[in-house]
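Residue numbering begins at 1 within each chain, and the chains themselves are lettered A, B, C and D in the order written.
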Amino acid sequence: MANHARDHGNKGANQGGRRAPGWSTALTHVEPNRILVRGYPVDEAMGRITFGEAIYLLLTGELPSPAIGRLMEALLVSSVDHGTTPPSTLATRHVASTGGSMRSCVAAGILAFGPYHGGDIESCMCFLDASLTLVRSGASYDDAAARMVGEYRQRHEPVPGFGHRVHTHDPRAARLFQMALELELDGEYMQMMRAVERVLNAHRDPRIPINVDGAIAAVCSDIGLDRSVGNAMFIISRVPGLVAQAHEEQQRERRMRQIDATGARYDGPPERRLPERRAERQL
Amino acid sequence: MANHARDHGNKGANQGGRRAPGWSTALTHVEPNRILVRGYPVDEAMGRITFGEAIYLLLTGELPSPAIGRLMEALLVSSVDHGTTPPSTLATRHVASTGGSMRSCVAAGILAFGPYHGGDIESCMCFLDASLTLVRSGASYDDAAARMVGEYRQRHEPVPGFGHRVHTHDPRAARLFQMALELELDGEYMQMMRAVERVLNAHRDPRIPINVDGAIAAVCSDIGLDRSVGNAMFIISRVPGLVAQAHEEQQRERRMRQIDATGARYDGPPERRLPERRAERQL
Amino acid sequence: MANHARDHGNKGANQGGRRAPGWSTALTHVEPNRILVRGYPVDEAMGRITFGEAIYLLLTGELPSPAIGRLMEALLVSSVDHGTTPPSTLATRHVASTGGSMRSCVAAGILAFGPYHGGDIESCMCFLDASLTLVRSGASYDDAAARMVGEYRQRHEPVPGFGHRVHTHDPRAARLFQMALELELDGEYMQMMRAVERVLNAHRDPRIPINVDGAIAAVCSDIGLDRSVGNAMFIISRVPGLVAQAHEEQQRERRMRQIDATGARYDGPPERRLPERRAERQL
Amino acid sequence: MANHARDHGNKGANQGGRRAPGWSTALTHVEPNRILVRGYPVDEAMGRITFGEAIYLLLTGELPSPAIGRLMEALLVSSVDHGTTPPSTLATRHVASTGGSMRSCVAAGILAFGPYHGGDIESCMCFLDASLTLVRSGASYDDAAARMVGEYRQRHEPVPGFGHRVHTHDPRAARLFQMALELELDGEYMQMMRAVERVLNAHRDPRIPINVDGAIAAVCSDIGLDRSVGNAMFIISRVPGLVAQAHEEQQRERRMRQIDATGARYDGPPERRLPERRAERQL
């Protein structure tokens, strides 16, 4: 996980009394009336790059290509909310129900993105890296996938990035892969993900689908995001959903109510299409 | 803060043994293989609306106009990061320094968006509402501003949305106001904010500038965001910054180091311009 | 809430570039191989003072009398756990259900101690202070209570420290008051609390009982704890409960399950008595 | 970490629409006006068992022996605070500095108990379990220790439970071991810990001392606490310290100040002795 600059001497020598040494940052330069994000004045970037492009810039150090920018937006839209049943949403609503501040509600929800919920992205990126190492040493994609899946089955571990509590065919994953294809951004990670899907579902019914974590993992790897920010993409994407859920809880529900995790009925607008202008739109 | 549906009987009657009643949500409908955010299939929205537009949709229930969409992007870009000195950044780095997970790092940073740091947006929105109530009952913008500022001065309270630890002229606030003007989105809240700025700085040197919280507060009110999600806009905007700061801490620094809050040197790229294509670009 | 040393000039002057000034702490002195808590070597205190006494020492600066020490222990035992229905417990269990770390589980639970849940203690201490101000200016306890209760009723606000979701007669509150009486620690705050109880329940059936928050509030005030650590006493007391709930969730339950807030059956040991030795024991 | 009841089928089948099933808890039974913690009425326990004994009861299911009860108190007192330099304390103070609520301050501090800070206890308990497995299969304590230490050295990993940022001889660890000895509670885990200390420090100067995490790990194992609550003991013990640090920050310091991590001077009472009565006292 954290690969800190190595630390010799257990927990390091006594720093208790010493002056903390100076240190460096390559992210943002701040001086009075001037803010540079990765070198770009933030006020010049405002109105000229999207939030998704700014996030890519901040995390990688460079502006994305237009195609990568579009995929970033799609990726962030994909997980913006997933209704009332995820543990993170319920953690947020329980805090909201006690009159907690918006920051407490959101923080509690984020803490519920544990290894089994949203925390899958990084482990899926690791899984794909390991699989591609086999490919680089000569194996075909399908052989590599077969070997990796075999190992997980032996350990009775679910393969990261596959399967979902609710969906047997995750529309978000499908759309992400389709867009990556259209934008010619589907690289070796997406190919490997598809190989694993083939192997995993040979003679299997019902199929175990690629879930949105898996799709995000493959996409993030192919567009050059660091493994250790993989889980962060899900956090960034879902925070607005946690905000909306906390807000709705405090607007519509009785304080300190007992929340029935599966009892919510949807009473929002029925299914609707995007206005023409947008349906055609290429971001 | 939380305006929960009123609660009669202290803390409500005994629910300990009772079944939790059903309840409703208007945010997102989830059924197997189908996800509707405010009625729109999320997979159709992917690639056709920006993350900022999706956030507006989720929080207000409707898609924004193109102009509001652009302002949302700018608003979210404005606060994406602010270097290493904010308390939230330092809280995040201290957690990162102990090998904490990305979610722990981000959650701790969000908890540091207290009343004196990012928590100002909602109170500024309230302040502007109160000021505009005076206007609606006949006062001029400047008279209303004068009366409100007077009250705060009497209570020795800083006027929310003004002044900054670092900036005497906040480039993010200026750019937001300029864009709102160009996009013809500057409404009564922005006008009132300017009136307050005039009153506050009459015969005053150095001036107390509108800060980015204040600008976001005015913009959010004019584009129809609910007061109680005002602070959330800052949280959503800064989470990527917390992610980047946690990531850099774990990549570059020694674990468990003593972090000198003011000792960071910027060693990233020097100031640079956006590529032509983007400099001209209208999102 | 926070009564920070006053801050003149909005958010203070630019400190961005300046050296952080030195500062002071009166809590704990640490030097190599020596730790003094409020002046007492921690290794000497170990085995000689209880955890509750150490907490009192840390929060007030002085060791408690033996009687206050006993009441501290009772107060901390009173709220150690309250089953599976509190929002804080459910927030903790939802995080645990995703495989979250113990610290994430506990932090999420603490964030659910909102104004309507555990957050009542400080507001009850304020309520009692205000009531006693009336007494000091000549009113009788019952007159003061009547006036205060009247004001809350007019504002349709529940009186802090009274009423409970589950209990009509809170055994923890009753026991705390009884012990305070036996230990001759029932001061003006507990007297005022009883006066409020009389006024609130005159001609009322069912009665609105003093809840454990209210009892803790009165006790903390009478033993000299600062109002702003009132809520902290509940946090300290309940953290072990959050730990036990997270642990049980991860040991006994299926990951990512849907948690039915009211569906838990108790299958632990049936009611039992303390062993003789302890039943007689005076701590 | 979390050893959830195994989960067959990736992330389990669709539960989205289903009723959540009933479930069980063995911790606390709550019914109107009656609260049983592990079977004991909480109001009977108040005043008759200490907070530390209640914690042991809650976590293990049974009351501790008097000796174990005393060791629990000592263990909880040992880590109640450690001054201003730990990352957790600084995270808490940064949140406090923004006017955050007590619960936000404490939650942020807990999130900073990462793997390199307080998170060491569980891994040390695992390390000791592995070492004792070797003993049970015939190795001597010293041989087992030598083999285990060798493995860690090969992997360039610090041995968990040894070394400290500040202390070369941790007075808390020494006192815990001494008390365990006097109370005849030093079992195989403490013996193994000492064997590791011998091996680790053979021909080594300066010595790498057992730290308080390591001592707590050995003690917890010998008194029968589950490995997965090991880290929790540190959390429970330090929460009062986080409370006191947040309180002092908000009482004494300027809001939004730049906190110099190493700049704090201690201005509390000078070293002092416990009053006679307590110095002799056997809890």
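Keep in mind that, in the parts below, a residue touches a chain if its C-beta (ideal position, glycine included) is under 8 Å from a C-beta of that chain, and two chains touch if they have at least 3 such contacts.
Since this is a predicted model, take the numbers as computed values, not measurements.
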**Report entry** Numbering shared by both copies at the chain D-chain C contact, with half separating same from different
**Finding:** same
Requested in this report: Name the chain pair with more contacting C-beta pairs, choosing from A-D and A-B.
Outcome: A-B
Report summary line: Rounded to the nearest Å, the gap separating the Cα centres of chain A and chain C is 38
Query - Rounded Å distance, chain A centre to chain B centre (Cα mean) - result: 22
Requested in this report: State, to the nearest whole Å, the distance from the C-alpha centre of chain A to the C-alpha centre of chain D.
Outcome: 33
Query raised in the report: Which residues belonging to chain D are in contact with no fewer than two other chains?
Result: 2, 4, 7, 11-12, 14-20, 30-32, 85, 99-101, 103-104, 107-108, 111, 113-116, 119, 165-168, 255-256, 258-262
Report summary line: Touching chain B in the complex, chain D uses residues 14, 16-17, 30-32, 85, 87-88, 90-91, 94-95, 97-101, 104-105, 107-108, 111-119, 165, 255-256, 258-262
Report summary line: chain C contacts chain B in the complex at 2, 4, 6-7, 9-20, 85, 101, 103-104, 107, 111, 114-116, 156, 158-159, 162-168, 208, 211, 260-262
